[in-house]
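Below you'll find a set of structures to go through.
Presented sequentially are two complexes of subunit A, the first with subunit B as partner and the second with subunit C.
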Partner chain A sequence: MPTALESRIAYIDLSKKKVNVKTTPREWVKQLLGGRGVSALILYGLLKSEVDPLSPENVLVISIGLMAGIPLPSARVNIGAKSPLTGAIGSSNCGGHFAPEMRRAGFDHIVIVGRAEEPTYLWISDGTIEFRRATQLWGLDTVEAQEAIKDELGDHSAQSLVIGPAGENLVRYANVRTGVKSSAGRTGMGAVMGSKNLKAVTVRGSWDIEFAYPDKVLDLCIRFNENLRKTRFFTVMQVYGTMHIFSYTNTAGIVRVKNSQSNQLFPSDNIEAEAVRPYSVGHEGCYGCPIQCRHRYVVESPRYGLIYDEGPEYTSQGCWGSMMAINSTECMLVCNHLVNRLGLDTLETGSMIAWAIEIFEKGLIDEKATDGMTLRWGSPEIVYELIEKIAYRKGFGAILAEGPKRAIEKLGSATAYYNMNVKGMSWLQTEDRAIPSFVLGVCVSTRGADHLRSRPAIDLFGLPKEFLEKLYGAPMTSDYTSYEGKERMVWGNELEYAVIDSLGLCKFACSHFITPHSIYTDTFNSYQELSELIYYVTGLEVTGDQLKTCGERIYTLERMFNLREGFTRKDDYPPQRYFDEPLPSGLPIVRGKRMDREKYEKLLDAYYTLHGWDSNGVPKAETLRRLGLTEEGIKALVGEVFG
Partner chain B sequence: MGEDETLGRMVVVDPSSCTGCQLCVAACSLKHESQVNPLYSRIRAVRFEGKGAYIPVTCQQCKDAPCQSVCPVKAIERHEETGALIVNQEKCIGCKACIIVCPFGAISWTADGRIVKCDLCDGDPLCVKLCTREALAYVPATTAHLKTQVKAAEKFSEILKRISGV
Partner chain C sequence: MSRHSQLTVRCPNCLSKIPVQKNSAEAVCGKCGIGYRICWPSPSQPMIRGLLAPISPRESE
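So, the complex of A and B:
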C-alpha cells in the first residue's frame, strides 16, 4: 500500500521495452522531498552534458510531490527532462487529478528513457506497467486522446498525461497535459515525449494512500479549509481566478503590449476578468482544492464552431489579449482553446507570435518569410492561423516552432533585440522592467525566463517595512521599483517555491504568492507549518530549517545542471531592451522606468552570495559540502537507485 | 420520534455547482477509513471531464430503502436522530445484496470485508462542511427542492426578459 515514505520508482526503457522497479530511498525524501526536487537529482545523475534533448538518450522524469493525495491542493505532478527549448534543465508541473491516481497506482516516480519503435502509451495500473500501441491516438488533440484512452481501457477514471499534435511534431515548446486544462506548460516537455514516440502515460490505481497520523492530517485539512475561506483572496479567486490580477497590472502599466513596445492596453474591457463570466458555465477544481480557480466556458466561434474549454488564466489573458493588442473576449477564449487542444505552451506561443508581428512591422522580415501573410497587430485571424501553423510546423510556423534561439538564427541577428527571452525561453506576458525583484527572479530562474520559480508578488503591495523584514529576515524597502534588499526576497521565494513544488502543493494555497492575505491566516505559509504537515503525512521529522535547506539544495542542484550545460552568469540578464527603453506609460512610479545595469549587477552579486555561489554564479566548494552536493555526495545519492 | 420525522434532513446535491475537485471524496475516506481511497468514500463526485459535467452521488437515505428491504438479516438500521441508514457491522453477513439493489451505487465493500455507506457523520456531514461551492447542502428534506426551484425561476425570468425586452 503506497505511503509517501514507501513509494516506488519505475525505470522504463522504451527502446528495449523493459521495466525495472526500485524503492525510493529514504535519503531522497529527506534531502529532496519529491516532485521537482527528485526530478532534478535524477536528471543530474543520469544525463551527461551535451545530450540532444530530442534524442532517445534524454531522460524524462514524471514525479509526484511528497504530499500527493491528501485532501488539500496536493496534486501537482512534475515533468522533467533536458529542455529541447533551452538546453537547460526542463521542469514543469501541473495540477489536475493525475498525481493522486499515480500514487494509488503504486509509483511516485517514473523515469523514461529510449524511444519506442511505434507510437506508444504506457498503462500503469496497480503496480503493473504495460506498453500499449498508440498509432490510433497519434494526431488526436489532447482531450480527444484522453477520452479515447478511457474508452479503450473501459475505465472512466483513468488519468492521463498526454501530448497533442504539437508534441508529436516536436514543437520545442509543446506541453504535457492532463484533463481539459491542466498543463505542464514550460520548457517543452511535450516535445521530449513526442521524440520518444510516447503519446501518453495513463495511470489508475485502487490502492490506499496511507498516512502516519490520519486524524491529524484530517484536522489540518479542515482547519486549512476554514481559514482559507476567511480570506478575500479566496473569494476573488473562486469567482475570477488569476484573471483578477489583470485590472491592476494593466492600470499600473506592468503588462506586455505589442510584444514589448508598450505596457498598457486601453480599452481592455473585453479581456478583463468580468468579461469572461457570461461565457462561464461553472468552475473546475484540481484534486483536493477548495478554491477551484478556473472557469469552464462555452464560446461560439464562426471559424471553429461551438467550443468547450477551461480557463483562461492570467497568462493566456495577457498572451492573447494585451500582448497582441486584441481587446476581444472571443479571441482570448478561442486562442486558449487552440493551444490547450494542440498541446502548446500558451506563453511561449504567444511570445513567439508577438515577436514575429513586431519584426514584421519593423521590416526585418517580410511576406517571403511568412508564406505571404501580412502580420499586424489586433487581428485574431492572423493569430489563429499562426497558432495552427506552429503546432503543425507548416511554413513560417516551422520557424516559430523552434523557439527563440533557433528562430533568431533563421531570421537574422537583427531580430534578436526584439525577442524577449532569457536562456532561450520567452519572458512572460508581464512587463517587469519597473520591478527589479521580478526581473531578477525571472532572469535567474533555473528553467529560463519564468516567474513560477520565485515571483515575489508580495512586493507590489507596498507592505510596511517591518512586516517585510519579519517575513524575509532582513531590512527591505516597501517600494517595488527599488533594488534594495530584493535579492533576499527572490532568494527567499526561490527556496520556498522549490519546497512547495517538491511537496506537490499548489502555490496559490500555501504561500504568499499572490497576496499577503494568506499570511494573516493560518494556511501553509511557513516552513514550520509545512514541517508539521510532512510529519503527520509521513511520520518523518524534518525541521523548518531543514526544509529551507532542502529548498537550497534543490535550487543549487538545478543550477549545477545548467552550469554543466554551459550556462553561466552571462545568461542571468534581462533582454537589452530592458536597459535601453524606458516604459512609455503607466502609473507615475512605473512610467519612464528601465533597468539600471550597474544596480542590476550589484543585485546579482548579492543574490549569488545568499546562495553561496561565487561571482560567476558557480556554487562554492563549501556550499556544495554543506548541501551534500559534492560529486561524491551526488554519486552516492543517485547510486542508491541507479548504482 | 416517528419514521417520517427522522427523515428530516438530507444531503442534497447540486451538480451545476460541483467542480469535481474530489475534496469531499478524499476527506470522507480519510475520516471514515483513515486513508484516502475513493473506493471507500461514501460520496463520489463522478467526473465527465471532456463534457464538463460533474455529478456528486451519495446515499439519499431513502424512505423505502431497497438496501434495508433486501437485507436478509436486518443489518441496516435507521439512526433515531439523524435518520441515516446505518450498517450494523455485528449483524451484517456481507452478502452484498444491498450493493446490488442500491439505485445510486452508494454502498461499497472494503478490502477488509465490510459494507460501508454514508452515516451523515452523526448529523454534521464533513463533505458538506468542506464543499466551498455549496454543491452539497445538508437541509431539511421539506425544503430540499427550493434551491433548484429558484434556479429554474431565474432561468425563466431570463427568458421573460428576452421576450419582453425588460
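So, the complex of A and C:
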C-alpha cells in the first residue's frame, strides 16, 4: 500500500527498454519533501553540465508532491529536466488528477533517460511499467491522444501526461498536459518528451493511499477547506477563476500591451472575466479542490467550428487579449484552445508572437522573414496563423519555435532589445516595471522569467507596515513602488513556494495558510500548519523552521544547477527596456515609472545576502554546509539510489 | 459569512480601502479622488471593474 514515506522511484531507460525500481530514501523526504525538490536533486545529481537538452542524455523527472492524494488541492505533479528553452533548470508543474493516480499506481518519482526507437508511451499500473507503441498516437493533439489511450486500455479513468504536435516537433517551449486544461507549461518539458519519442506517460492505480493518522488528516483538511471557503478569494475564484485579476491590473496599468510598449488596454470589455460567462457551460477543477476555478466553455469560430475547452487563465487572457491589443472574447477563447490542443506554453507563445509583431512594426524584419505575412496588432487571424506555424515549425514559425535566444540570433541583434526575456524565457503578460518586488522575483527565478517561483502579490494589498513586519520578520514598506525591504518579501515567498511546490499543493488554493494570503490565518506561520499536515499524513516530524530550511535547500540547489551551466549574476536582470522606458499609461502611482538600476543592484545584493550567496550569486561555503549541499553531501544523497 | 463583511474595494492607486454601497456600480476613492466602476462576483463582494473616466493616455485597439 503506497504511503508518502514508503514510496518508490522508477528509473526507466527508453533506449534499452529497461526499468529499475528503488525505494525513495527517507532522507530525500526529510530534506527535499517531494515534487520540485526531489526533481532538483535528481537533475543536479544525474546530469552532467553542457548536456544537450534535446539529446537522449537529458534526464526527465516526473515527481509528485509529498501530499499527493490527500483531500485537499494536492494534485500538483512536477516535470523536470534541463530546459531546451533556456539551458537552465527546467521545472514546471500542473494540477489535474494525475498525481494522486500515480501514487495509487505505486510510484512517487519516475526518472526517464534515453530515447525510444519509435514513438512510445509508458503504461504504469499497480506497480508495473510497460512500454507501449505510440505510432498511432503521434500527430494527435493533447486531448485526442489522451482519449485514444483510454480507448486502447479500455480504462477511462486512466490519467496521462501527454505532448501535442508542438512537443513532437521539438518546439522549445512545448508543454506537457493532462486532462483538457492542466499544463506544465513552462521551460519546454514537452520538447524533452518529444526528443525522447515519448508521447505519454499513463497511470492507473487501485492501491489505497495510507496515512499515518487518517482521522487527523481528515480533520485538518476539513479545517483548511472551511478556512478557504471563508475568504473573499474563494468566492471570486469560483466565479471568475484567475481571470478576476485582470480588471484590477488593467485598471492600475500593470498589464503588458503590444509586447511591452504600453501598460493598459481600453476598451477591454470583451476580455474581462465576465465576458467569458456567456460561453461557460459549467466549472471544472483539479483533484481535491473545492474551488473549481476554471470555466468549461463552448465557442463557435468561423475558422475552427464549434470548440469545447476549459479556462482560460489570467495568463492566456493577457497573452491573447491585452498583449496583442485584441479586445475579442472569441479570439481569447480560440487561442486558449489552440495552445492547449497543440501543446504550447501559452505565455511563451504569446510573448514570441508579440515580439515578432513589434519588430515587424519597427521595420527590423519584413515580409521576407514572415512568409509574406504583414504582421500587425489587433488581428486574430494573424495570431491564429502564427500559433499553428509555431506548433508545426512551418516557415517563420520555425524561427519563433526556437524561443528568445535562438530567434534573436536568427533575426538579428537589433531585435534583442524588444525581446522581453530573462535567462532566455519570456516575461509574463504583466507589466511590472513599477513594482520592484515583482521585477526582482521574476529576474532571480531559477527557471527564467517567471512569477510562480515567488510573486509577492501581497505587495499590492496596501497592508499596514506592522502587519508586513509580522509576516516577513523585518520592516518593509507597504508602498508597492518602493524598493525598501522587498528583497525579504521575494526571498520569503521563494522559500514558501518551493515548499508548497514540493508538497504538491496548489498555491492558489493554499491561499488561506500560505503567503501571499496567509493573512487569513491567525498564526502568521504557515510553516507550522504545513508541518502539522506533514506529520498527520506521513508520521514524519518536521518543524516549521526545518520546513523553511527545506525551501532554502531547494532554491539553492536549483541555483547551483544554473551556476554549473554558466548562469551568473548577469542573468538576474530585467530587460534593458525596464530601465530605459517609463510607463506611458496607468494610474498616477504607476505612470512614468521605470526601474532604477542603482536601486536594483542594491536590491539584488540584499537578496543574495539573505540566501547566504556572495555578491555574484554563488552560495557561500558555509551556506552549502548548513544546507547539506556540499559536493559530498549531494553525492551521498543521490548515491543512496543511483550509486 | 466572510470575515470581510464590510463592502470595500482597494484603490489600486493609493491602496486605501474604498467603501462601496451595496449593488452600486461605482465608487470614488476618498483619498485620491479616482472613480472606479464596480462589478459584483457575488452579492457580498464588490470588485473593481475599470475606471469611471480616463485619467491618462491609454492604448486603444
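Heads up, the rule we're going with is that the second predicted complex is superposed on the first by the 630 of 643 C-alpha atoms of A that agree within 3 Å, B and C clash if a C-alpha of one lies under 4 Å from a C-alpha of the other, contacts with A are read in each partner's own complex, and residues count from 1 in each chain.
Rule of thumb we're sticking to: contacts are C-beta pairs under 8 Å (C-beta built on N, C-alpha and C of every residue); 3 or more make two chains touch, one makes a residue touch a chain.
Small disclaimer: the values here were computed from a predicted structure and weren't measured.
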{"item": "First (subunit B), second (subunit C), both or neither touched by A:Val618", "value": "neither"}
{"item": "Subunit B versus subunit C as contact partner of A:Pro588, first or second or both or neither", "value": "second"}
{"item": "Partner chain in contact with A:Glu274 - subunit B first, subunit C second, else both or neither", "value": "second"}
{"item": "Which of subunit B and subunit C A:Val143 touches, first, second, both or neither", "value": "first"}
{"item": "Which superposed partner A:Val638 touches (first subunit B, second subunit C, both, neither)", "value": "neither"}
{"item": "Subunit B and subunit C contact sites that coincide on subunit A, given as residue numbers", "value": "none"}
{"item": "Residues of subunit B that touch subunit A when the two form their complex", "value": "16-23, 26-27, 30-31, 33-39, 46-47, 49-52, 111, 126, 129-130, 132-133"}
{"item": "For the subunit A and subunit C complex, residues of the former touching the latter", "value": "230-232, 235-236, 239-240, 244, 247-248, 250-253, 257-258, 261-268, 272, 274, 325-327, 378, 460-462, 478-480, 520, 584-589, 591"}
{"item": "Contacting residues of subunit A [partner subunit B, same complex]", "value": "1, 69-71, 97, 100, 104, 143, 146-147, 156-157, 179-180, 206-211, 214-215, 217-218, 221-222, 225, 229, 234, 238, 281-292, 296, 308, 310"}
{"item": "Residues on subunit C engaged by subunit A in the complex (per definition of touch)", "value": "1-4, 10-16, 32, 34, 36, 39, 41-42, 44-45, 47-51, 54-61"}
